[in-house]
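Dropping the structures in below, format is structure tokens.
Shared chain: subunit A. Partners: subunit B in the first complex, subunit C in the second.
Up next is the complex of A and B:
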């Protein structure tokens, strides 16, 4: 499946979740998404990632909207049930969007997304800006590991007491940033040498090709998103 | 038609986005209670100006939103405003001395409060799942409105983070070799 197909489904799904008010319906949709997510390869890790965001959010929303601190401070709280129901609805909507996003992520790889972005109809500069950080961040992580090892040999201790760790921050960040910024000119020269913005669209070898039904699905999703956004504004 | 950004600015923005994505890991590696996920945006603001920094911040959060959590995408306007205000401050000489850098980071924090507060209050009900939710709940209990409580919390959480990010970016740009600084006209405003 083309990487953009799942992405195209996300927007109308998010808008649909905002349009539905019934918590039970939202809960069913969430349960289906979580089951689908759990069945994917590395589903357990994705579910943990989901829980790490959503469980603290549930606690935060309960604390803020349940107004339990008011009760502890001796104040009377009216309409707690209604406030908690609204908070639950909000939580379910965020939970659905995150679960759907993780489900989409489980179906793609960074490499396939990068190739799809480069091969898309986006102008080359925009495609580069969206795709190149994905490639560069992997390089930077490797560089950060190299810098950390080199600085550790010079006595920078990442497990030092709190105030010394602040000094380590600059000692680790500076070589990484200077190293990468020194390459910027060369990268730009290499891109210019290839005249990467001379055409309106890039030509990419091995570009992922969407099936005809996927193209129709993209257009359908865009239309559905427009209708749902309109209905939300109308309400 | 000339493109909006030169190829060099484009590659700088790409590096800035990657800095934002990677340096946040550095903070968690050092177990520091800050995000520092906007240092790349500050660096771009100092070297290439407000528009490039605005796009850098915006794209950082959009990529994060796609790759990690859509919550980050919701805060993309906040990241964009950080870049815009930091770039405007840099253009106005706000990164020429330590007091000016501190004042600039305060202005960035105030801009963050203006943009992030409604997003956090209306889109996420005032909670984000962090320890700051307790402060929001406590201020609510003391009689503040949700928007006030969230604004106070956002200010408190972001002030230290943005001061540290601005200081690090300033020190990094000041410490760049002259060969690299010469590639970016904006660097002349940083002393």
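Up next is the complex of A and C:
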């Protein structure tokens, strides 16, 4: 499947979640997405990532939107049930969008998404801008490993438990940020040396090719997103 | 017609008054191999950047005199405009990696892809460049995982895939073994027969003498001499590195112990013969 197909499905799905008010329907949609996510390779790890974000969010929404915080501060809360329902609805919507995004990410590789971006009709500079967070991730991992090694040699315990390790966060993060920023000029020179952006169109080897049905699906998703956005604004 | 020509050329970095390079007077023909020798701080890397068309965008500086590639002035155009004609490989090979690729093959293909070439032509260039640099086995590796020597091979392969008219190697073999560097330079010589000019920026006299037709000697940013290895032997060895055998010959010449009619040895291969000629008259 072309990497953009899952991305095309995400937008109308997110808008549909905004459009549906019934919490039970949102919960069913979320359950289906989580089951699908769990069945993917490395599904367990992705479900843990999802839970790590969504469970603290649930707590925060209950406190703030459920108005428990207000009552602790001495305010009178008239209709707690309605407040909790609103908080639940909001949490379900965020949970659906995140689960769908993780499901999409589990179906693609970083390399295929980057190649799809470079092969798209976007100007090469814009494609590079969009792809740069993906491109940076591997380099940052390699650099972090190098910085960790260097700091470990200077006595920083990088393998310590988290609560002891956070004290050495600055010692790890500062060189990483400075190193990355100092590389900007070097990277620009390397791109210039390879004639990047010297032509409006570039060739991309092994670019993912969308099937005809996928192209129709993209257009259908765009149309559906337009209709849903219109219905949300009209409401 | 010369591929590149410098005449009374000098370069002054922005913000200073003293020129970083001055008195440059040389030309480079297609297919020629020129070595630029000099010690640390002699201006080799600055000259390499200038020849690569980095002035003034990537190297802010003021140029005087004549410095042209073909008929076009080297200063003024964006560096990207020169990419198809001139390629520079620096001592730090990681600086040449674009970060836009997830494999070595994709990294080497990135330049030809930007030129909008046909897929078959890109694949041909990538395969040829990797084979020439003996980096075929690295094709599937992630560029961030390469060692210094491997990255140096990949950086040279990426430059070759652009099929430049002029290849500038600024201490580009510093992380390779001498045997690997010699072997790679031998294969680059074959490309020079097809018209590609090669400029080696280095501190090592033997390497320059073995591979370059002419040597340009820099000292403190000034062009000191230009000529063949034999001609420059005495002056060059006071400023750059050389193997012990060549250095011994140099000392002998300085001390007046060398026979006037015997030419100095410029490579290790000729050392024994030259010393023999001196000893046996």
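Assume the second predicted complex is superposed on the first by the 193 of 235 C-alpha atoms of A that agree within 3 Å, B and C clash if a C-alpha of one lies under 4 Å from a C-alpha of the other, contacts with A are read in each partner's own complex, and residues count from 1 in each chain.
In the analysis below, a residue touches a chain if its C-beta (ideal position, glycine included) is under 8 Å from a C-beta of that chain, and two chains touch if they have at least 3 such contacts.
All figures in this text were calculated on a predicted structure; none of them were measured in a lab.
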Once chain A of both complexes is superposed, is A:114 in touch with subunit B (first), subunit C (second), both, or neither? second
Counting only touches as set out at the top, which of subunit B and subunit C does A:187 meet: first, second, both, neither? both
Could you look at A:25 and tell me whether it touches subunit B, subunit C, both or neither (first, second, both, neither)? neither
Contact-wise, after the overlay, does A:197 reach subunit B, subunit C, both or neither (first, second, both, neither)? both
Mind working out whether A:205 is in touch with subunit B, subunit C, both or neither, as first, second, both or neither? second
Figure out whether A:51 sits in contact with subunit B (first) or subunit C (second), or with both, or with neither. neither
Contacts for A:142 in the overlay, against subunit B (first) and subunit C (second): which applies, first, second, both or neither? second
Quick check for you: in the superposed arrangement, does A:227 touch first (subunit B), second (subunit C), both or neither? neither
After lining up the shared chain so the two structures overlap, which partner does A:42 touch, if you call subunit B first and subunit C second: first, second, both or neither? neither
Of subunit C and subunit B, partner touching more subunit A residues: B
Which parts of subunit A are in contact with subunit B and also with subunit C? 110, 128, 136, 139, 141, 185, 187-188, 191-192, 196-197
Of all residues in subunit B, which touch subunit A in the complex? 3-8, 10-15, 17-19, 21-23, 25-27, 29-32, 36, 39, 43, 47, 55, 59-60, 62-63, 65-67, 69-71, 124-130, 133-134, 136-138, 140-142, 146, 168, 171-172, 175-177, 179-180, 183
Using the touch rule from the top, collect the residues of subunit C that touch subunit A in their complex. 52, 54, 58, 78-81, 83-84, 87-88, 95-100, 102-103, 106, 109-119, 122-123, 142, 144-145, 158-159, 162
If you look only at subunit A, which of its residues touch subunit C in the complex? 110-111, 114, 118, 124, 128, 131, 135-136, 138-139, 141-142, 185-199, 201-205
In the complex with subunit B, residue positions of subunit A that touch it: 7, 10, 14, 53-61, 63-65, 67-70, 72-73, 75, 86-87, 90, 94, 97-98, 101, 105, 110, 125, 128-130, 132-134, 136-137, 139-141, 144, 148, 158, 165-166, 168-170, 172-174, 176-178, 180-185, 187-188, 191-192, 196-197
